[in-house]
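To start, the structure under review is shown below, and the notes come after it.
We just call them A, B, C and D in the order they show up, numbering each chain from 1.
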Amino acid sequence: MTRIGFLGLGIMGKAMALNLVKAGFEVTVWNRNPSKCADLVAQGAKQADSPKELAANCDISFAMVADPEAALAICLGPDGVAAGIGEGRGYVDMSTVDDSTSQAIAQAITEAGGRFLEAPVSGTKKPAEDGTLVILAAGDKSLYDDALPAFEVMGKMSPYLGEVGQGAKMKLVVNMIMGGMLSIFSEGMALGLKSGLDAQQLSDVLDAGAMANPMFKVKGPMLLAEDYSTSFPLKHMQKDLRLALALGDKLDLALPTAAITNEAFKQARKAGYADEDIAAVYKTVK
Amino acid sequence: MTRIGFLGLGIMGKAMALNLVKAGFEVTVWNRNPSKCADLVAQGAKQADSPKELAANCDISFAMVADPEAALAICLGPDGVAAGIGEGRGYVDMSTVDDSTSQAIAQAITEAGGRFLEAPVSGTKKPAEDGTLVILAAGDKSLYDDALPAFEVMGKMSPYLGEVGQGAKMKLVVNMIMGGMLSIFSEGMALGLKSGLDAQQLSDVLDAGAMANPMFKVKGPMLLAEDYSTSFPLKHMQKDLRLALALGDKLDLALPTAAITNEAFKQARKAGYADEDIAAVYKTVK
Amino acid sequence: MTRIGFLGLGIMGKAMALNLVKAGFEVTVWNRNPSKCADLVAQGAKQADSPKELAANCDISFAMVADPEAALAICLGPDGVAAGIGEGRGYVDMSTVDDSTSQAIAQAITEAGGRFLEAPVSGTKKPAEDGTLVILAAGDKSLYDDALPAFEVMGKMSPYLGEVGQGAKMKLVVNMIMGGMLSIFSEGMALGLKSGLDAQQLSDVLDAGAMANPMFKVKGPMLLAEDYSTSFPLKHMQKDLRLALALGDKLDLALPTAAITNEAFKQARKAGYADEDIAAVYKTVK
Amino acid sequence: MTRIGFLGLGIMGKAMALNLVKAGFEVTVWNRNPSKCADLVAQGAKQADSPKELAANCDISFAMVADPEAALAICLGPDGVAAGIGEGRGYVDMSTVDDSTSQAIAQAITEAGGRFLEAPVSGTKKPAEDGTLVILAAGDKSLYDDALPAFEVMGKMSPYLGEVGQGAKMKLVVNMIMGGMLSIFSEGMALGLKSGLDAQQLSDVLDAGAMANPMFKVKGPMLLAEDYSTSFPLKHMQKDLRLALALGDKLDLALPTAAITNEAFKQARKAGYADEDIAAVYKTVK
């Protein structure tokens, strides 16, 4: 039976680790603030004193932390994952990090004899709790095969996307499309309302047609209620748009709709909505 | 029992009229080329010799013709609908026409004592056959109430949107959002493929997330197969984008994402794809 | 000696007519508010009681009025230019009007036996006073030849551009380029100032390079002083951008930079700067 | 009398160094390929064997090399400028480099006890020969004062712009405006020609108005002659647009016209025009 480690018990990580425990895996957890481990331990998890100790005692260790700095911090250094992983064990970083961070972690783990996967996820709190995340895995194929039973507990799909970097690229493409859809949706809602159309009827018509999608169903009422409580911060979307455009630049690809969407989100950031939900881009349009 | 007339038996109109016959309505049909009436007559419909005769003998007459010129032609003139409609009968034009055409028809019908609704539809051949069109009705409210049983046979929803013009505006808003979604989808597919992502995996990931929608499911495989057989001609989408931008201009609303989407479709038109499906916008991006 | 008529003595027209008087032409003037004729009469001009009378008594009549409505009003109707022009006399409309207005006037004059030129100008008050307008003449070539001595008094150049409509198109192209230059100039000034560059040094560097032009020299200090007193109203520039884009649409030409410039000016209009100078587009950028 | 060093005798550097010699300065030169020094030596210059030797024997050393790699190579390493510069002598790098390169060079020179200025130039071969470059100097103010007599020989203006980095920023802002102007100019020329206007008349009208500028005068005939022989490579302009947008992103500034201009240049790069002149952006518009 595979021994699973889980590093990082924030909103997302805690829900994901709990699902693994409930599914019957032997799970060891670690968190920078150790008190957050209590709930998991109460459910049957073990607790490690450091990322190094956790990595040394688990077959596969997963991490879900807030940002590139935290991702580097738990991996490198004397108490880090790389110091404990040893020959053949696996490390799966599910945090959303930039390309160079992912490469640095991959290199540290590989040089220490371990196997590495990047596996950023699409989905927020609710899908994490429901085990319906979309997991974008890329890196060591044998580790992917070993991690698949755990992925299947945490997510509803977890395709293997190729070498390290392809997971991050998939996420950028998906988020770029999300940003563009939100931008044209905002313009459409603004045009409809200024034209005297009824907001509910407009939403209903959209929902009855070929463009019906869960995001419009969630964001539509938010725009209308002027409720921008954050599930995906606007500044993170703008960063992803910038990175997607940079990727297009490197690949000699003009992306005018994405470029103008990026400017729309920059305009919203400039107007002070950086920490509100992505739906707040509507405020600069209407 | 309401006597129903139906003018225009093209791909859409024939399917819609057939559904009315099957639902038990007493239906009279007319088509510019009368031979197209045969199938409907075989199913129990009567055939009229002119739009005037049809309008004079039905409580509500529906029209579904190809363009503004045809819509005007069947309504005005000595053999037109307006000449036959008389006091209190209803005329519902379901063709997609521009604002001024709609106003001209509304005026002719009203001056002849009739009641008028514009009711452009969202949806193509398949929904017409299945009776699942989205019908965007606006104009005379009493006629709307009378026509509702027929709308319910032809469509899955048919909200009443207000005065004449509001149906056309709803359609412009919806199509503008469709165009923007297709443009960012094309850019995302191009970026993904150039990045070395697998097309099927990219489609699957999109389909698993919050942006999943029927249009991406239909158009995605078309892009990948380079199959642009037309269900919605690209030039018509570009025209709708132009009209939506003109509406925004009148209402003092900047719509930069729509404006760039319009340029993308113009670029595609310039490249010679005017008569291919809207999905052909991808060819100028990739 | 050619007898010259001049209709419309606003800021522009008065300066132009005065230059013709000073150059020794026999000039007859008319203005809707006749009291504005006094200064010209004091300088030696005659005064007519109606456009019809003026046209009937001059070899070539020029008009410079505010908008399409005024241009139509002085030409059509029982007291209009067309009623008086008769066989072979010439009418030169220097007002800025849309295509269909120009065509309507051309037709009325031609049917009355007269010859017609459209001749919109590039340049505002100062060039009108200095006789350095750029005159964009199109229409009847023999009338162009006859009007040339007068054009040479009013302008520094007056090329013959072809059939009626080509003058208006030239003006749209020129103004579209002007709008685009102002938009990128505004973005550059905003970027420079936010970067901590000195505004005067930035202006000096631009003025020393290959992009140095009179407009930047005039508008630069306006932006910096937040002085948007109007020499060219922003809403008129936005209208010209819209018309230039419509022309591109008709000709199957994608114009993305112009389209985004148009959105920038629409954003400025929406923000309430419609009647300020075109330089006010900067306020929505900075 | 100040002893001047000059590193890099390409097209630009050779012309600049020659002007310094002719102006009576005592000039020592170095070039990676030493044979290129012969002409300068024939005019009275001395020749150094290495950047280190040159820096050690001159009060102020200037460099004008092709790219960041060359700029780093001549400064760092055992034979580099930093190894020879010693206490108080000055180094002025006039090459166009990115921000981090400039900072690395500044740090190496400063740590070696020297004084540093970045001084990228605006202008190409002809202004270099004529001594009419625009020099964008930033860094050590005392060195700027000492270098001014040499700057005045090489350029027509050389403002002091502040700390290291401000010279590069000024150049980005200026080039961003240049790119935007070229993009709208291309669209305007394309629209004019498709409208049936005469290219020469369009150029003449532009040249007579408030937007007249040397760049349009040079690039206009190039577009029309389809002659894109390179004076400023298109790929370098696109790189500058990308960097300007990145600067705007850092400063929370939306720059939609620049963003769309960048996409236009990317489209041209994608079409294979990367090494042609910036005017080749026209080929993707027309």
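In this text, a residue touches a chain if its C-beta (ideal position, glycine included) is under 8 Å from a C-beta of that chain, and two chains touch if they have at least 3 such contacts.
None of these values were measured; they are calculated from a predicted model.
**Student:** Which chains are shared contacts of chain A and chain B?
**Tutor:** Under the touch definition, chain A and chain B have no mutual neighbours whatsoever.
**Student:** Comparing centres built from CA atoms, which chain ends up most distant from chain A?
**Tutor:** C
**Student:** How big is the gap, in whole Å, between where the Cα atoms of chain A centre and where those of chain D centre?
**Tutor:** 42
**Student:** Where the CA atoms of chain A average out and where those of chain C average out, how many Å apart are those spots?
**Tutor:** 56
**Student:** Which chain B residues reach two or more other chains?
**Tutor:** 248, 253-256, 259-260, 263-264
**Student:** Once you've mapped the touching chain pairs, tell me: line, ring, star, complete or other?
**Tutor:** ring
**Student:** Judged by the touch rule stated earlier, which pairs of chains are there in contact?
**Tutor:** In this structure, the chains touch in these pairs: A-B, A-D, B-C, C-D.
**Student:** Can you name the residues of chain A that touch chain D in the complex?
**Tutor:** It comes out as residues 242, 248-249, 252-256, 259-260, 262-264, 266-267, 269-270.
**Student:** What does chain D use to touch chain C in their complex?
**Tutor:** Touching chain C: residues 122-123, 134, 136, 156-157, 159, 161-162, 166, 169-170, 172-174, 176-181, 183-185, 187-188, 190-192, 194-198, 201-202, 204-206, 208-215, 218, 244, 247-248, 251, 253-261, 263-264, 285 of chain D.
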